[in-house]
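Okay, so here's the structure we're looking at.
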Amino acid sequence: MTTTTTVLSARPSFVETFQRLRLGPYLFVLGVAAIDYVVIGPNQFVNALTIGAIYALVALGYTMVYGIIELINFAHGDVFMVGAFTSMFVLTQALGQDGPIDSPGMLAVVLFINFTITMIALGILGAAIERFAYRPLRHAPRLAPLITAIGVSFILQNIIQIIYGPSPINTPQVIDPAARVEIGGVSIGVVNIFTIVTAVLLMIALQMLVSRTKIGRAMRSTASDRDAAQLMGVDINRTIAITFFIGSALAGAAGVVQGLYFGNIQFTLGFQAGLKAFTAAVLGGIGNITGAALGGFVIGFVEVTAGALGFFVWGQAAVFAVLIITLVFRPSGLLGQQLGERT
Amino acid sequence: MKLRKLGGLALGAMLVAAACNTGGGATATPGAPAPGATQAPVDKGTLKIGVTLPLSGGAAADGQPTMKGAQLAVDQANEAGGIGGYKLELMVLDHAVNGKYNEQQGAQDMQTFVGDSAVVGVVGPYNSAVAKVQIPISNDAGVLQCSPANTNEALTKPEFGALDYRKNFPERINYVRVAATDDIQGPAMAVYDFNTLKLRNLLVVDDVTTFGKGVADNFQKKFEELGGTVQRVGAPADTTDFNSIISAAKPETDGVYYGGVVTSGAGLLLKQLRQQGKTFPFTGPDGIVNGSGKAEGALIQIAGAAASAGSYGTIAAIGDFPGRADFEAAYAEAFKNDADFNTAGAYSGPAYACATIILKSLEEFLKTSPDADQAAIREGVRAWASDTSNTFDTVLGTESFDKNGDTTQPFISFYVVDPAAADGAGDWVFKEQLNFAQE
Amino acid sequence: MSGQGVTTTTQPSSTSGNGAAGDVVLELRDVHTYYGKIHALQGITLEVREGEIVTLIGSNGAGKTTTLKTISGLLHPRAGTVHFRGRDVSHTPAHKLVRDGISHAPEGRRIFSRLTVMENLQMGAYTRTGREIDENVEHVFSLFPRLAERSGQKGGTLSGGEQQMLAIGRALMARPKVLLLDEPSLGLSPILIQQIFGIIREINAQGTTVLLVEQNAQQALEVADRGYVLQTGRVILADTAANLAANPDVRRAYLGEI
Amino acid sequence: MTAANTKLSRTPAGGPGLRGRLSDLSSRHRSIAVIVGMSLVALVLPLIVLLPPFSSFSGQTVWMDGFTIAGIYVLLALGLNVVVGLAGLLDLGYAAFFAIGAYTYALAASPFTGWDLPFWPMLLVGAVVAAIFGILLGAPTLRLRGDYLAIVTLGFGEIVPIVILNSSKYTDGPNGIGGISPPTLLDTRFPTTGNPWPFYLTMLVLIILSMIFIYRLQDSRLGRAWMAIREDELAAAANGVNTVVTKLLAFAIGASTAGLAGVFLASKLQTVTPNLFRFDVSFTVLAMVVLGGMGNVWGVAVGAFIIFMIQSVFLKQLNIFFNNVQVPILSDIDFLQYQFLLYGIALVAMMLLRPEGLFPSRRRRRELHTEEDEVFAEHGDAMGAAPE
């Protein structure tokens, strides 16, 4: 994310520096964004960024889990869905909210409490899933945890269905969805800005955590070589649990944002969103955190552009087409290493 | 209407205790079945009325009140002493799989009905897509099927391909329906939008289902004929984000028509429209007229009462019929113990009417052939019901069917959302109804 | 064969003060380890005393690496015990043993290729905190000045020799009591091999006990005090390094003499 | 690594010679066993439903119609078992091939196109068309790791109904295609109601042929290659197995079985709509394969049959039963609605407690239980979670 600024100071052999910084993917995404902006206009562009931000937050969980234990956590989309319901529960039951809050101070407090509780609760859920459903299978054939993940996905969906029923349910939109601000002559919803900013802040926080802290190093070294990490004194089980915790907490944050933005949630929410977020993770280069974030936005562009050009029904198909094309032509994604690369 | 007392014979097995209290209501309801007045009070056994609807999960909100409409009619008939010496039993099969209607399960359920010779007629289905797999089976077996809610025109009208579904016996009409078809419902709203609401440039969204796309196609055709312009988008029923569709709407857009049923889609479309500051009318077929702001999963509930203001919908049936209040009271009384579905739904009345038509046909047939076997009864019921010269006094008024099995009284009723109704939760209120019999 | 004084070298930093030989810090008693159904170690018994360099030699598949993995906790014995400083650690997980003082530089270096050199070293000191880490880094840099030059580089971009230095340096970061080295010379040029073995001596001289697994038995026996010869999961010979180097069977089988 | 190699060496190289002939003989016996077994099943099922607990639910014809539909799922499970159970590839979009088969026949024999091609050759055509799509999808993606395949197939399973829905010109979109011709034999059309025997027996023959075919494959060189790939792809490749072609064959054969089932479904229902092939079909069949015992042909067949009967008969009867007797809590539970909750619990429990399934093959059980001890699994540095 930050490397884009470094290129400006690059003097010696532009091509060389360009290759070393691996700026291609960033420029690609920027290019896509720029073209898209021209094609679909500012309003649609904001729509794309908003849903892209949600996909990106969900994609981070896929990519982190895949990075560390090479498992496609099929249940992650449903963890996101549970996050949306948890957020609704916190807002309505714990905080007694049912609509827009006018006072900014009050709004900030409510949002802070909501994000904190939801993210912690979802983190615990994610770590618990790992502990009971995946850890016992860590040495089993690859197929086993994949199938378990599908089972966990069914279980989560049905538990929510039992509690909240099959119908879509309204969730409080504490940020007035009709509130808009004028930025550069474009009228943008406050909730859109909030969604995008929240997602970017969380991504930066995650990036800092992973690159600057001890636990971040533990996660990266575990992902890189589990046994060597263990020999350094890293508690693998704990590190993997923390990874699930963080990934699921981010999905919880995405769930909060989803509720705030759409104001309506349903137990089936996780399936489609999960698939799209997974596509984002693959597109960005699975295992790569920045890649997942970029991928999320690209998926947002693809989907919204299809809608904007009048091919809404093909939007979903287009997303999967992106997935297949990526896997066929560049399985490492925009930023990832080649699959199975061992250096 | 004269009620003949039977020696407590039929009363014993009654599922709904409250049915006892509806005796008075039944006589007052125009559609109440006329019990076999001329028959001797002998017990000839049990005949079955099948009900094939999606009844569980998300589909329960549609299916359950519809099923209970049929149940009420059968309970009342039993209470009145059965028909022609027969007791009646409701045989209910649910073809919702994982909370959504499932055609293959619907086909299997129809096989179950046709395979049970005691089944003399079937009420249902709810979704046109299910009818498409069921009609070939019921047609082959010659079982009368009366749908309270199917509106897809291809199910009955040969010019839309109906003969594909009754391929084995194209001349044998076994499928009738009391709802008006979408080639009437869609255009009706088109005329209303153009003439009454004065809309000229519409965004038409359909949910890419048999019903939704069909009705939207019919709507669009008529609206364009009238001189309006249409921007057409398909959005699958589970769509949650309509913002890109709304943002892509042409600036001159002055209204929306949504073809489909409400899962979450229509409600979210309406909600997001209002959030983007679009206050123009939101119109649609019977799929969006699905209850008040208090009903879980209803359009008004999802979008909110305030946002729902300016929404117009049609029902492909008569909305204001003479016995409506009586029927709804009888329904409420009969099912007062059911926490979830104790008020009549949009298709409770039509389902009640369908059951009435089957029972009436049975009664008339047994009058002429009291000793017929089950196979003959089944065929007799079908023949009587599909005979275009016969009429039925039902809760919907006097019904009869044309040569394709469509109702000859294709009423379209218009509803509008009143945000203040239902204690401020918002509800659909009846505006007017038109008979399109001559179209 | 010059060899270090077999058991006579006094350990400057030996804290136990228990005479020249030092205490037994590590002891394996009849250890049996399995990979699934494969019986890899079939009763290994050996001991390592404080301050020693002990080497395990043997052909491919003899169980050398498995022995190290069993000691460091990556594998656990199905029968028999591993004692470290008098405590049974047979079933202690690897990450806890690091804290207790066993560092294992595994075969094939296994450095974290996408972490920088500095981050790799920090990972080595994962169980240590604060100022200790900085001191250790300086210590490692003093042993391997090349690593200091490359501290910002990704581990994967280093040359083979540098990677080996990093692997050893990383293992030292935890300030181990016992350092397990698995094939430190593998794939290195003769000059580099000399260099690495020099450093191993230096590490040992600074007070770290070393258990060394080597294909290059010649070199290993040169630096080691004692040695064990493994064959198909069993110890077939145990003696001082000098004696082993002189043993004709050993010379024939492992030192390339015809 | 070593473990995998030893395991691999257990499977013989196959080919001619005594051993080849022996395995040929055993597979011939197996074919007879299949024919005898399935014929017994064919006879017993119609008879058993005449007995009290079953006969009270519905008549024989209804039961047999249900068995015929169950047979479609048995066929699907047999095909998916080749992909998942034998070759170890997770296919989550299996319903797509089912849809392709069904639409192939729907287009070939319905008023929508005006063609009325005969059913029997179309069975083969449907299977081939599905297999071609399987190859088109598999060829580029089977080079990748197994779990990517899972996602690609999941995406494919989503795309196919979307494409069918939105290509009204060629598929009549959400309306589906009606008026599909039922099969004809000796100038007699199969009755769609009343007499369930023709469809029932046809389905039975399809199952028998598929089972024999799959058993033969399993005992062939190809079958051993599948198993080798399932256990360790790298080792299999090192032993000379062309992994891409081998996986592709598994994928294509699995797809063709689904295509077969699709053609049959279209002719049985006489109407197809995109809604029939949603992802829940894929997941239901997967649950059948997992619960039945991955890799075991008889196991998955029995598993599929039982699960189908549970979902379409037992859960329904349970609903009706509890509704009638009015047990306080139980009558409020809608058992049909929680079918997927049951699947979910079963999948997780199965993987944790009994990964070989309810009816495991002996070989599979052996494999799955050897790895229980602490194994030093060789993890490569596949991908770091490192940023940039």
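Order as written gives the chain letters A, B, C and D; numbering starts at 1 within each chain.
Note that contacts are C-beta pairs under 8 Å (C-beta built on N, C-alpha and C of every residue); 3 or more make two chains touch, one makes a residue touch a chain.
On a predicted model such as this, the values are computed, not experimentally measured, just so you know.
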| item | value |
| --- | --- |
| Touch-network distance, chain A to chain C, counted in steps | 1 |
| Centroid comparison with chain B (C-alpha atoms), farthest chain | C |
| Pair with more cross-chain C-beta pairs in contact, given B-D and A-B | B-D |
| Chain centre separation (chain B, chain D; CA means) in Å | 37 |
| Cα-centroid distance, chain B relative to chain C, in whole angstrom | 80 |
| Distance between the centres, which are taken as Cα means, of chain D and chain C, whole angstrom | 53 |
| Mean-CA-position distance for chain B and chain A (Å) | 43 |
| Interface hub residues of chain B, defined as touching at least two other chains | 57, 60, 99, 208, 234, 236 |
| Residues of chain A engaged with two or more neighbouring chains | 161, 166, 220, 224-225, 227, 313, 316, 337, 343 |
| Residues within chain D bordering two or more other chains | 162, 165-166, 337, 340, 371, 374-376, 381, 384, 386 |
| Chain A-touching residues of chain B, taken from the complex the two chains share | 57-58, 60-61, 99, 208, 231, 233-236, 238-241, 243-245, 247-248, 263-264, 267-268, 271-272, 274-275, 277, 296-297, 301-302, 304 |
| Chain B-facing residues of chain A, complex | 41, 43-44, 47-48, 50-51, 161, 165-170, 177-178, 189, 262-264, 266, 268-269, 272, 303-304, 306-310, 312-313, 316 |
| Footprint of chain A on chain C - complex, ascending | 72-74, 93-96, 98-99, 103-106, 110-115, 119, 122-124, 126-127, 156, 170-171, 174 |
| Residues of chain A touching chain C in the complex | 214, 217-218, 220-221, 224-225, 227-236, 337, 343 |
| Chain B - residues contacting chain D, complex | 56-57, 60, 92-94, 96-99, 101-105, 107-108, 111-112, 114-116, 129, 132-133, 136-137, 140-141, 152, 154, 161, 163-165, 167-168, 208-210, 212-214, 234, 236 |
